[in-house]
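Notes follow once the structure below has been shown.
In this document, chain identifiers A, B, C and D correspond to the written order of the chains, with residue numbering beginning at 1 in each.
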Amino acid sequence: MALLEVENLSIGYRTRKGYLQAVEGVSFCLEEGKSLGFVGESGCGKTTIGMALMGLLPPNGQVTKGRILFEDKDLLQLSDSNMRSIRWQKIAMIFQAAMNALNPVHRVDDQVAEAIQAHNPDLGKTNAMKQVEGLFQLVGIPEDRMRDYPHQYSGGMKQRAIIAMALACRPKLIIADEPTTALDVIVQDQILKETRNLQREFNLSMIFISHDISIVADVCHDIGIMYAGQLVEYGSREEVFRSPCHPYTRALISSYPTLTGKKSQLTPIPGETPNLINPPAGCRFCDRCPGARTSCKTEPPAWEEVGPCHSALCHERKL
Amino acid sequence: MELRRYIFRRIIQIIIIFFVILTVLFLLFRLAPGDPVSRMIDPDMTPEDAELLISQLGLDQPLWTQYVYYVKNFFTGNFGNSFHYGQPVVRIIGDRLPNTILLFTSSIILSALVGIFLGKIASWHKGKKTDTWMTIGALVTHTVFLPWLALIMIWVFAYKLDWFPITGMISEEVWLDPDVGLLAKFLDVLHHMVLPLGTLFLIHFGSYLLIMRSSMLETLKEDYIITARAKGLEEKVIRDHHAAPNAALPVVTSVGLSLAFSINGGALTETVFTWPGIGRELVFSVSHNDYPLAQASFLLIAFVVLVSNLVVDVLYAYLDPRIRY
Amino acid sequence: MVHAVKTDKNISKRFRWIDPFQEGWSIFKESILGKIGLTLLIIFALMALFSFIPPQIDPMYHPMTGVDPEISHSTGPSARHWLGTDFMGRDLFSQLLAGARVAFMVGVSAAFMSIFLGTAIGMIAGYSGKGIDTLLMRLADMIMVMPTLLVILILSSLFGQLNIWTIVLIIALFRWPGVSRVIRAQTLSLKQRPFIEAARVAGASHLRIIFRHIMPNVLPLSFLYMTFRVTSAIIIEAALAFLGFGDPGTVSWGMMLQWVWKTGHMFNAPYWLLPPGICISLITLSFYMLGRAMDEVLDPRLRKEEGAG
Amino acid sequence: MINDKKKPILEIKNLSKVYRTKRSIFGDSGNDVIALDRISFKIFEGEIFGLVGESGSGKTTAGRLIVKLEEPAEGKIYLENVDLTGLKGKGLRAFRRKVQMIFQDPYQSLNPQLSVLNTVSEPLTVHKIGNGKTRQGLVRQAMKSVGLSPPDDYLHRYPHQLSGGQRQRVAIARAMVLNPRFVVADEPTSMLDASISAQIFNILSDMREKLDLTILFITHSLAAARYLCDRIAVIYRGHLMEMGPAEEVIRNPKHPYTQALIDALPKFGDCGDIKHYGTLLRADSEALGGAGCPFYPRCRVAHRTKCCTGMPRLEEISDSHLVACYYALPGSEIVTEGDACFYAT
């Protein structure tokens, strides 16, 4: 039984310029102890999905369709207080901007302890602090830095503290939204390695959200490629990268510079992403797609199984 | 210990600024049209006394020597005699200062606390009725013309309803009666203070409310608020523990920046309620051409504003761990 | 690349600059505060305009010198005197109209001068940095801790009665530091922005950078502060007049209040006590509301709020 | 490649830059940050030279010094043999025509109040080139060359009506409209999506071909540098660590820091022939102030006394491949774990 099952999720925002369909018809599932990565460009809806899983959409955002089944409970049907008890205890989050995810006027260890105490009110302050100590050891923050304020930390240390905080209540699922975007490569590498180790150690399920295809390729078992609010390709890492099926996935991979291979291979995707306030009727990628036919413009594509654990949203039926 | 160094630096700054004000005042006094001597000399004085005073102030000396006399007199507390009261200015000012500080600080603290509290509530109910009415109420009380509000307060609460005394700070019968205890005296002062304090409070709390409200709305958009929500904290904890302390910081700054403006209101309030403070003394002395008293009250008020600014800045540094000077 | 453009190709190229203006106006229109403020202001402006009419009808309606020959004391409202008369029988309604004119005059001219000074000084300080910046900002700090009303009191004790334009000038001279601090901060942050550096790399001179790149970006803020400065100028003038230091040649609302207060009519002449106070309060309120509504239009963060991630 | 011409267009000698933190008259000593510490290199005509480093390494400072947005604390910069330090008046104007910069963040580098036409034509106006009509022609041409075509669709737009990629192209058009000799591109794609980045890379590389341009490409990504650059230099805390032909530095890195960078890059796609070097200590301790190699505290192969007392010089180890490390020089290659001194925290 899957830990998390998302069916046909659609999310929209009311904006001054009109109704923005940020996520449309996204389905996926995640087993215990596995990791799933969402890749896409900015504005493709990947962060929105993460926030919807936490039940933290901004006030102008709303889930319009679909179900989010976590341990067989539909999170969208839960009351506020039930949802609150699931947050962090069952599902925790590592945020995009680690720089700003810590409250500047409170000490770091207090902020971690707060998460523990919120869900274990009977636990005393000293016991909570003991747990915090253990967590900080786990992520490699020296003990004498525990009582610092966030602004005294470097970027990498802040991200470590956030990871410690995410682990505080031993959640089943951690959503990591661009966890290393602001960090340098070497620190990023260390953080990713640690995350992987911790995931294995605690048998965590993880959802990785990133714009960087190489990070997701490095960390995740399954991969979902997102484009303009839709999931366009979904499958195991090996399948998706070895035999990318959707033209967008192929384009994304070939536009990414690597350390090996021939230099001339970098081919950019022409054009810009469509406007999500008035999305095109047919396939959303057809304007940029090298193999688009006239029917692509008018008919929305359907999901197509292309392998045992691999499917794509494209009119092209061949693998 | 960096903080101590910062305070030291600020004190030096204050001294410099104060010297500039002192000097500008001196120059204005000498450069203004009319005879500086006659301005400093009480028209009712005997010629001998006037003679003495002139030599004491150095008014018969060249400008530079006069300046030296002026500064020396200032530091020895010799501001001359008030024409109106016929007493040394220092004594009058010394009498009035505590009254001003009492009214002024209590009104600032009260209105800041209430403003912060209500601003927090208003922002929390953004867009709802509570918020709309609080905002409008704050806007109206904040922009109402202070002396007029004071007059209306007197008219309604002192004249029509007769709940509070119309003017003054103490009732003579209470203070002259040797049998009355300290508590009763204190209550008497409090009784007199309600209306002026209420007036100042009404004028000030609105601006703090509005600043707190917008600062809080800003803070609520910060990432660490989302973190707090994601942690599954109660909304009340998020509001009071995570958002409010951060949001209150700009209010502290604005208290500091608006101090000078608040003291205008303080002077007006003292005047209308005949509260025996420095502000009223300044207004009174200016309209009675009592120059020595006017000058000294002005300098003292400037000094009070400078020092309170320092207090506010230090408070800010204390509240915000990011600030380390 | 082409498709993105198609949609607005038929929108004319001209008048693009009007877009942000229209967008701002549409936000402004939604704001209740803005609407109330604007309505009130129009009423006060009409009052100021009509203030010229009563003396034309009859010299006894002259706000300053006119006296009703039949009464020489304060009376309540009547058909002859809509709001009643003051202690010497002058018409309160024409005084109220004249007060609107004074308020606008004082408020707008003092605000304009102080905004001009503040913007110029703020931009110079922020852009030049170093010594000039320190010097100007210390000066600003110093002036900022001066309570303007009391400064004017002291000056009038030295120089005697001040006329209205002197008062306006002093208000302007003492109310620029707040603006210049804001403009300086804005200039400093603009100076860090790469588009200024891009202009420098392109070879633009300092003057060009200030006028072409910095000024258009700080002017909206200056205009916003202008509304707040108008309120403070009106309040200071009114308070000064209330304390008896106003220009004796004008009739301002503050002066009307002083008369009702000083002549001991405040307890028995509400028809005299209420209108000037309400007017001062409402005109400051309307400018304040206008400012807040403009603040919402200008605040880019507010618009960013709806960006979905 | 183009290297055989070997005519340097830009030469940097012992360039240093120190940022002083604010000090008050009461003498609390601020911490000075050394952004660049006596670096020297040459850029040859027509090449794309990559400066690779992490944030705070001084790479952006170097770029800003070259375009004279800042003045160096020490050292000289020569463009076509003209010393840039202290350039004023006419000389400065001539320099501004020749050297342009492309900034990192296209959301910040365009004035929101100016239309595309006004933005792109500003350099022409400033240098008084042409009149209204000919200027528009030049602007159109520049816009076409960065792929903003037809230009008429964009000329009268304002930045907020453009996407990030379009903005960056406008910024490139602004830099190219003067037909400069040398362009500093400061992480031009770090704020853009991957697919858009590739467009920008290709535009830059086209420009170089068409306009005979020399480009200093500043980036944090070795992969991007490899794709675009002929030669790259790796910079760490204000020191050049390694410099050489792009392929050579990436295939055969000699400096432990470069090796660590390559180790840290997420492996993606076909990466069979990338070695793992393991030169980095896990704990990154604070930097030791002083004369030693800045990478010493994080370096696995460092020698306890040798490496923390003197900064090794940048020396040529093979044809145009320079490294600043004691262990990379011929004769002292002990990059095996057995001989290296372990420094543990």
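The definition used in the following text is that contacts are C-beta pairs under 8 Å (C-beta built on N, C-alpha and C of every residue); 3 or more make two chains touch, one makes a residue touch a chain.
Keep in mind the model is a prediction, meaning the values are calculated, not measured.
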item: Chain labels contacting chain B and also chain D; value: A, C
item: Chain pair showing more contacts of the two, A-B and B-C; value: B-C
item: Chain ID, smallest distance between chain and overall C-alpha centroids; value: C
item: Identity of the chain that, by mean CA position, is farthest from chain A; value: B
item: CA centroid of chain A to CA centroid of chain C, Å; value: 50
item: Intercentroid distance (Cα basis), chain C paired with chain B, Å; value: 24
item: Mean-CA-position distance for chain D and chain A (Å); value: 32
item: Sites on chain D at which at least two other chains make contact; value: 163
item: Multi-partner residues of chain A (at least 2 other chains); value: 270, 272
item: Multi-partner residues of chain C (at least 2 other chains); value: 1, 4, 305
item: In the complex, chain D residues that touch chain C; value: 67, 69, 92-93, 96-97, 99-101, 103-105, 108-115, 122-123, 126-127, 147-149, 152-158, 163, 171, 174, 178
item: Sites on chain A touched by chain D in the complex; value: 41-42, 140, 156, 184-190, 192, 211-215, 217-218, 241, 251-253, 255-261, 263, 266-270, 272-273
item: Complex contacts: residues of chain C adjacent to chain D; value: 1, 4-5, 9, 13-14, 16, 19-20, 193-195, 197-205, 208, 212-213, 216-217
item: Residues of chain A that touch chain B when the two form their complex; value: 54, 56, 84-89, 92-93, 95-97, 100-106, 114-115, 118-119, 149, 151, 165
item: Residue numbers on chain B that touch chain A, as the complex places them; value: 222-224, 226-234, 237, 242, 245-246, 319-322
